[in-house]
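In what comes next, subunit A is part of two complexes: it sits with subunit B in the first one and with subunit C in the second one.
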Partner chain A sequence: MTQVTFTQQDGAQVTVEANNGEHLMKLALDNGVVGITGACGGSCMCATCHVTIDELNGSLAGPGEMEAEILDMEVDDPQETSRLCCQVFVSDDIDSINVTVMEG
Partner chain B sequence: MSGIIVIGAGHAGVNAAACLRKLDAEVSITLLSAERQLPYHRPPLSKKAVFDANLPIEMLQANGFYEKANIDLRLNCTVAAINPIDKSVTLANGDQLHYQQLIIATGTRLRSLPIPGGESAMGVYTYADIESLGPKLLAAEKVAIIGGGFIGCEVAAGALKLGKQVSLLITGPRALRRAVAPVLGEKVTSLHRQNGMHVHTGCKVHSIKADGVETDQGFVEADLVITGIGADANLDLAQAAGLETHQGILVDSHGKTSDEHIYAIGDVAEFPYGEGMQRLESIQNATDQSALVAANIIATRNGESSNAYQPTPWFWSDQGDLKLQMAGLGSLNLEHRELPGGTDTSMTVVHLKDEQMVAVDTLNTPGHHLAARKLLEMRKPITWAMIEDCDFDLKKLFKQLR
Partner chain C sequence: MIINDDSHADLTSHDTFTKGFPYNTFKRLRDEDPCAWIDETDGGKGFWAITRYEDIKELNRQPQIFSSAKGIRLEEQTEEEYLARRTFQETDPPEHTRQRMILHRAFSHKMIAKYEELVRELAAEVCDAALTSNEVDVVKQIARKLPMRMLGRVLGTPDEDGEWLVDKGDELIANSDPDFTDHVIDKVDTDEYRFMPFRSPAGKDVYDYAKKQMDLRLHTKMHDVLALLLEPNKDGDTLSELEFKNFFALAVAAGNDTTRYSLAMSMFHLANKPQVFNQLHGKADDDPIWDTAVEEFIRYAAPTLHFRRTALEDYELHGKQIKAGDKVVLWFTSGNFDERQFDDPMSINIERSPNQHMAFGQGGPHACLGMWLARLEVKVTLQELLKRVTSMQQIEKEKYLRSNFIRGIKSLMVRFQR
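So, the complex of A and B:
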């Protein structure tokens, strides 16, 4: 189990316990996190699931080629810690992760 | 107080309802769905869900969303008729609901195969489809897929990955014949073949039997037959209500049908595009058109002016390890030039009209796809010479022009 905390643009936080293999976009949708649309259903095509990673207890692989390209081209103001959260999967390697929901 | 009714809770209908609520906290919104499931994403059905014993479903919105947003979502609720004269819809159970504005988002339905045994072949459109198809697919050894469009290719490639013996039966000379540039269609066809798929091109299907498919190229053994031969717009309600239709429900550039209180969005709508009319079956179209029509309806209710739909179409398809991405609307009638730098498993093809870029198809080159999307969104002429000057690097060209 991994503890995932989403901080919305309005400052409200949603914390959930997540199972291995789930991606953060699905978690966000299932738990009504505001600001994550996930228009492409997690196909890494739309950038409507942009977050920044604020805190990570554990280890996580970096973005793949497609994700890196989207972050570079689609996101207006990409941060060092920007990710498309449909590509961030919960695993045993992560105890907890805190992310902030970004605009579009 | 009657408000806005949306018929169909697919990608377009749900997004329209959500956008309406964002723009107007008060207006009454009723979302009517013929399906039993909470609204879900369709693309993963043929890419993931049907191959997974757990039959995962990806919701469009969280369970509590509709209640929280005060959207009256009614599942298992089919609309039987639209009555434009008294501005109401009649439900299958006989109830009547009144609207001020109506949005038709009834999508498409799969074409069936008009051959003996055709009714036994299964397609992939709804979650209910994969609930019955999924277990059969996992149990099958030999699978035949009829139709070489996106969904047929996705299901065939996924079944192959599961270790099934897969035959893909295509009437045309290659997979994705109408959907992508010929050189890319050829490449995809040969990559599927290299992976062990039996691709039968130029193949006419005569009948479906319990143990396989009778074709003009002989008998193809299969214990499961799946079809993917396209879909037609659900026009019945609109036609019976006297709305103008063609391939889809005809709308103006603002999304309005021939009745000024009725709008149509998503797969079912045929809208002005370029010099003609266009119907698109894509998530991009469902998302962007529904957002625009929601804004236009609220603007109209507030006596403000509305906006025209000017999309940059894009689409994707995951076929095993092949990621295809299309930006703009390509066509077989255009000129096609491949960008240098392709590999055994990657390719970028530009569709040109009078030396100008109209669309770009990519295979496993996501950077080019995104750059093409961005370049087309600029609505500036992009010529082949400009692409050449940037060493055929679309990203570099975009960064130069932006």
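So, the complex of A and C:
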């Protein structure tokens, strides 16, 4: 199990325990995280699941080529830690991860 | 409201859908046989009908097993026809990703958001013109008018060509409805057009038009979307002439009808459910209820009934053995009415949230390129319409498109009070 914490734009936090293979967008939607809409359903084609990764205990591969390109096209000022959370999957390599919900 | 209560409707027949969407047939399939083998009555080799939300989503996200590169409608195509007519919809990653990312530059959320004022201006114009009468066919006078004019503005084609392009778009995508084409695909011999988009003579007209637009931009510096699409991307990659022409034909066909039928379904609910009308009437343009309302209207409208895939390897689903080469049809509209995913799916709940519907094919690589434009057009058009009226009521039975591919109300008479 991996602990995932979402910090919303209003400062409220939602923490969930997640199973391997789940992506963070689905976790956010299932747990009512405000600000994640996932308008493309996790196709990596919009930025309505944009987050920044604040803290990571474990390891996670960086964004793929398409994700980087979409971040570049859809987000005004992408951060180095910006991710589309439909592309961030929970795995054994991650003990816990904290993300902030960004405008997308 | 017509309810098509036939629970054993023939899904391969275009005529089935002139009675409305066969909700009960799809409910029966979802409940009893979610991976059903359907024999085709028109000479096709038959297909698997996938009707549950979760299954559609699961198959849709696996293009390496369920390919779009052998056709995306029920129609059987020869390799030669396929190669001549294919758009990027009919490709798989990585080829698909390449074209998609070239096109995405023009259709991103950020880019489309800039068009809000333009859409509002056009929507106001269209609503004012329609409301010179109190009894209006809102599909013909509003829903049909706006999307192609808007797409013309986005692409950069002249306004005066809009009407011609709408007609051509109808001939293409509504190639099974005699109201829209003289070359009804299952009634007349369309063999000579087999290399043209939608096997339609209108395909040639649209190809010729696209070529002219392409040449114009290759010889004159222009600053519109078509020009942008012809510019090399950061890797120096461009669309070929055939890719450009097929994209243009797709934009004319798909940019035209799906938004129209989403708007038509939205107005159908507003004209039949006063509580929905009252919930939205008088709401400010930036009220968040508009966003959830538009998602819910589009969930219900789900104009693209299905896309077909072809299995590249054997696959087991619900105990059925899908064989490599079989046609597998993802009925997205059925997914949007799956009780396993949506509470009370037959009801309109304009505050439904989350609303992870699949009207745009979300979750797979082929999620609709134009989804942001469609959402914006539906929202702004409904806003402008509701600002101008105090009530709306359906006064004649609606008419449905003759098509097993696109679902839509093609005629909807409404009486307005102003």
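One rule holds for everything that comes next: the second predicted complex is superposed on the first by the 104 of 104 C-alpha atoms of A that agree within 3 Å, B and C clash if a C-alpha of one lies under 4 Å from a C-alpha of the other, contacts with A are read in each partner's own complex, and residues count from 1 in each chain.
Operating definition for what follows: contacts are C-beta pairs under 8 Å (C-beta built on N, C-alpha and C of every residue); 3 or more make two chains touch, one makes a residue touch a chain.
A quick note: this is a predicted structure, and the numbers were derived from the prediction, not measured.
Undergrad: Clash or fit: subunit B and subunit C on subunit A?
TA: Aligned on subunit A, subunit C clashes with subunit B.
Undergrad: Does the superposition put A:Glu69 against subunit B (first), subunit C (second), both, or neither?
TA: In the superposition, A:Glu69 touches subunit B and subunit C alike.
Undergrad: Between subunit B and subunit C, whom does A:Met1 touch in the aligned arrangement: first, second, both, or neither?
TA: neither
Undergrad: Check the residue A:Ala12 against both partner chains and state whether it touches subunit B (first), subunit C (second), both, or neither.
TA: It touches nothing on subunit B or subunit C.
Undergrad: Once the structures are superposed on A, label A:Leu29 by its partner contacts, choosing first (subunit B), second (subunit C), both or neither.
TA: It touches subunit B and subunit C both.
Undergrad: Identify the partner contact of A:Ala61: answer first if only subunit B is touched, second if only subunit C is, both if each is, neither if none is.
TA: Touch status of A:Ala61: no partner.
Undergrad: Quick one: is A:Gly41 in contact with subunit B, with subunit C, with both, or with neither? Answer first, second, both or neither.
TA: Both: A:Gly41 reaches subunit B and subunit C.
Undergrad: Between subunit B and subunit C, which residues of subunit A are contacted by each of them?
TA: On subunit A, the overlap between the subunit B and subunit C contacts is residues 29, 39-43, 45-46, 66, 69-70, 73-74.
Undergrad: State the interface residues of subunit A toward subunit C in the complex, per the touch definition above.
TA: The contact residues of subunit A facing subunit C are 29, 37-43, 45-48, 66, 69-70, 73-74, 76, 104.
Undergrad: In the complex, go through subunit B and note every residue touching subunit A.
TA: Counting only subunit B, the residues touching subunit A are 41, 43-44, 47, 58-59, 61-65, 68, 283, 287, 314, 316, 318, 323, 325, 366-367, 370-371, 374, 395, 398.
Undergrad: Quick one: in the complex, what on subunit C touches subunit A?
TA: Touching subunit A: residues 57, 61, 97, 100-101, 104-105, 108-111, 354, 356, 358, 360, 362-365, 367, 371-372 of subunit C.
Undergrad: Where on subunit A is subunit B touching in the complex?
TA: 26, 29-32, 39-43, 45-46, 65-66, 69-70, 73-74
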